[in-house]
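What follows is a set of structures to go through.
Heads up, the next two complexes both have chain A, just with different partners, chain B and then chain C.
Up next is the complex of A and B:
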């Protein structure tokens, strides 16, 4: 998996203090100057603190397995936002794109009695189409992505509620297709070949791994991904270089929609129902994971591994503070404080790197 | 300078192949499924002192505050090991699952849960039971006909909404325009309330028209106040009755109608001080109160009984914790009626619903 920030922005020449010695640059960055290393250090430190205070933080069945399932969803949600952050755009319709996709999956299971994978494909298709629609509107009207996706989110909110009221007796599909319950509750540890059983990793985890790898490969190695990043870095320069900017914008939004579809499907599987409330709390986490991980809001640079680490950091903080059993108000304050401390530590590492003349 | 490095296609294909093989290996890892031991140990056979009850509402809401005291009282009265009240779920099912699992990791072994999403909560209940925990669905039952928890002790929301709408129609003199204010539209409890109100309107034989059902205004008091202000400004004089089936809209409607000096009849829900004051001064016609104390107290008691070896005669039984119409006539005495219902509930579990052989 590509493990560095993928960027087409010019590798800015360091201003004063003096640039790093040429031989150091040639060797690449020292390991500690990599932003992802800072995040890993913060995550490791928090795990050590939380497990010291509450040994149950390391309880496999009650802490580590559910945490992995949560991270699975929030990594994909983060990637959905990352796909458009690459352009310097935003997708405020992440929650409802996920909800509509989950509806599509639920519909195929409940009404068409389709197998699990067909519903997944339906969710991905619907997500992609809605994402492409958002990209198309942004391209054709020239209206800011913030406004377009916000309006789309409102529209889809009503549509999802209407669709559920038309096709279900309430606000959810009750049918669970074959394999859904196993996918939700089993880990590889539940399956054994003779005496050897798999690791305590939920069955849904590989799905997020595939999404991470595909998005990572796309932005790191493929022409399409690099061109999307160029559009995010400088749309005019990209256009003058012969890149079809409009098409790339639509494609990036379609990718975002596809990942929303996957996230909605995963959340429905994890929570056990394809309901209208799927995705309603996706918006903040969708920004949190990529931005914590080093993806720029301005576009042109994304970090897929950073998004994974951002999602892990967020989940570790939530889980640790939950185990410490704070009251609701205290919990919110501590989440804010821990996030600030975590980011400040990263900033300290940045400053140190700058002083030594190496720029991450 | 813009650097766009485009790798050879062969390299991309290589990466994709490795990814594909890894995925195949991961999915092929399972050959036979084994039975997993329950993380919470045996669900039964504990002493009362070993039972640690966690009462987990869907998020912070005034309705659930009596659970705190009810849990503490249950601990004292029944000799429970521990009780706690945790409202940090933030109305997010994923977070609630996380909170419950965290409490389980901390040693809590019996759960009284108000599920954020009635459509999803059966899956959470099933998981917990598989892991050896006792589970009760409190204040709300799962959507559909199945309850995967040991029992559900809640207000029958459809019946409570029906009673409230009946009271409103009676206060309106049996005719006129009625508005229904309620909570989250994509919550199946709201759908049940809508059905309850509609049933009462249908029974009025066309003399009462349900002109509007306003949903999604129970998030906080401000949004409810805004919705009430908009409603009264737009059609205040054309509305003869307002029935509310959620806490914040009830408080907002009681205050809004009184402030505007309209003759609109308001039937509220729950017993916030504003509402009770409104009933006393006549600006609120009636309110339908529920029994959160009974849910927390009797819920904890039954969880203890189940953990110490009793079983439900009918697993998943739904028990109505009671709803009470409060008017000016009984505003001073309704709590006695509610306490009597709580005592009655505990007795009904002991004699009719539990099997403790």
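Up next is the complex of A and C:
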């Protein structure tokens, strides 16, 4: 497995001593210090345990299809956070950016009778604009991204609830556009060309795959993505190298908003309702997936594949504990503990790697 | 551990400037609070200054004040604590359960709530220090765990009539001032004394303001982090006790709506998010202003959702203003 972490060449920290020699860096981290390897092992082990305890865990219709739909949403949510983690920023407004975007989509469907795609575009547009607004405020004022997005989240929380109370009779838009219900409930297995039917994969899955590929290519191969990572690694050095840091910050936040919009729309489709509660539970998963996958909170390094694995782990745990008939509150306890344990293990890995003379 | 910030400043804002700016913030906030209070009193036709209304205003100011201080303590060392709201709920529900289900006397249950808050805060601090992970992520995880435990105690059930003595004490007034508000004021004074006079409090600020300089001066930054988190947990426990004494019925949803107020009060009050600066008076005044927004919503029958919108906007505006004043704004 190649090292899938996309990072900039130098990870200079202000307090760090002289950078490690080049030959040491080329050796990179030992394979066991790669969080992705650990994640795959944990996911495989958990799937084995859960399917051993409850054979229905491998039931296609009962478990695997809904789980894929869940993963679809949470991958995009994780990518939305990853887009700003690349800068060393945070987006605490992920839940409400998703909610506002879902409102925009629901509005176009319900009031303008738009087709499915137009609503998606409206959601993406609204998400992008709100994200760009957050990025703009951060660059223009120099205020910490945490505070800006936290305040924005609370502002949007009020706004979304008000919008729903103004434009709907209850708490959700009732009109569904053509194709929405098919997108929600159908898998490729329902579409056959002669005797050959597709695999039991929900129709929404390719959307997440597209998002994964686009974000992956962006951060690995495109100039824009590399420059965003450089800004995250060392904003000052990036500025001195002629990178328009402010613009990159705004673009990264706009990307985050765009992905929030996509996630909100996907969740609304999965739930079958455009309501104010869309995105409520996005905050923890948005950090869980990228951070478990090895994306640094300090910025400058992202792992798109790790985000996918983190989202899969999250969904496997949720589904497995659900099948074992754990209550919601116990589920929360375990998810929190998993996050803590995973992060602590990550720390242990780094310390061990440091001792072996390899700098992460 | 400071927050990620794009704008690098060669040297932090100098001490006297920050202090002058803070004092300015406090004066502005005091003026703003007074003006808002007068406007509200006049536009509601004097309804606000009726003894009953006034008592309610201050009664329900106690919890936001203490929860704001709870957040302020960790902001002082450049950390943040996302678990303050749910921890308040957990301590309240746990103490109610001890009284109602186990028959503990009220004073013992109150003590247990405080100890529980302290222990959870201590755990937060130790996790941050031992794992070296951003305190934001740690407390996000513990927030999830705590909210699960909080529901686990009694599900969605409600505790009522756990202690008539405690509740009547919580709803009583001394010289027309609600006891819970007095308790919050006492807590605020203690926190102020801690940061202004105690060696440990000064060390906390030093660690938050410049960790490297603090370390070179022989201060253990790790100890500062643990103490700040423990103190934050203890204050959340105090808030839990206040909820317990004031409401008379507690359930597992308590604390869900406290996260915004916990950040709003210190941020509007001029506490720097990068650490090293606190303002107890500013935090309390800001909590009062946020409370007035709530009162206005109730008095004018406005959709409660406006409160979130307004407070969010005010927080953002306050941050922008203070940033401009200290002169770090703009790239």
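Note that the second predicted complex is superposed on the first by the 298 of 360 C-alpha atoms of A that agree within 3 Å, B and C clash if a C-alpha of one lies under 4 Å from a C-alpha of the other, contacts with A are read in each partner's own complex, and residues count from 1 in each chain.
Criterion: a contact is a pair of C-beta atoms (placed from the backbone, for glycine too) under 8 Å apart; a residue touches a chain by one contact, two chains touch by 3 or more.
Treat the numbers as computed from the prediction; the structure is a model and nothing was measured.
Colleague: In the overlaid three-chain picture, which partner chain does A:340 touch, first (chain B) or second (chain C), both, or neither?
Modeller: So A:340 only meets chain C here.
Colleague: Return first, second, both or neither, reflecting whether A:245 touches chain B, chain C, both chains, or no partner chain.
Modeller: In the superposition, A:245 contacts chain C only.
Colleague: Check the residue A:161 against both partner chains and state whether it touches chain B (first), chain C (second), both, or neither.
Modeller: The answer is both, since A:161 touches chain B and chain C.
Colleague: A:284 in the overlay: touching chain B, chain C, both, or neither? Say first, second, both or neither.
Modeller: second
Colleague: Look at A:70 in the shared chain and tell me whether it touches chain B only, chain C only, both, or neither; answer first, second, both or neither.
Modeller: first
Colleague: Between chain B (first) and chain C (second), which does A:328 come into contact with in this model arrangement: first, second, both, or neither?
Modeller: both
Colleague: Under the stated touch criterion, which partner chain does A:175 make contact with: chain B (first), chain C (second), both, or neither?
Modeller: Neither chain B nor chain C is touched by A:175.
Colleague: Let me test your reading of the model: by the given contact rule, A:352 touches which partner, first (chain B), second (chain C), both or neither?
Modeller: neither
Colleague: Of the residues on chain A, which ones does chain B touch that chain C also touches?
Modeller: In the superposed arrangement, which is not itself an observed complex, chain A uses residues 161, 327-328, 331 for both chain B and chain C.
Colleague: For chain A, which residues count as touching chain B in their complex?
Modeller: On the chain A side, the touching residues are 8-11, 54, 56-57, 59, 61-63, 66-67, 70, 73, 160-161, 164, 170-172, 174, 181, 184-186, 188-194, 197-198, 206, 209-210, 213-214, 217, 220-223, 226-227, 229-230, 233-234, 237, 241, 267, 270-273, 275-277, 280-281, 318-319, 322-323, 325-328, 331.
Colleague: Which of the residues in chain A end up touching chain C in this complex?
Modeller: For chain A paired with chain C, touching residues are 15, 87-90, 137-148, 150-159, 161-162, 165, 231, 235-236, 245-246, 249, 283-284, 287, 291, 297-299, 327-337, 339-340, 343-344, 347.
Colleague: Flag every residue of chain B that touches chain A in the complex, lowest number first.
Modeller: 1-7, 11-12, 15-16, 19, 22-23, 26-27, 29-34, 36, 39, 60, 84, 86-88, 90, 92-95, 97-99, 101-107, 116-117, 119-120, 122-124, 126-127, 130-131, 143-144, 185-188, 191
Colleague: Considering the complex alone, what residue numbers of chain C touch chain A?
Modeller: 3-8, 80, 127, 130-134, 136-138, 140-145, 147-152, 155, 212, 260, 263-264, 267, 273-274, 303, 305-313, 315-316, 319-320, 323-324, 328-331
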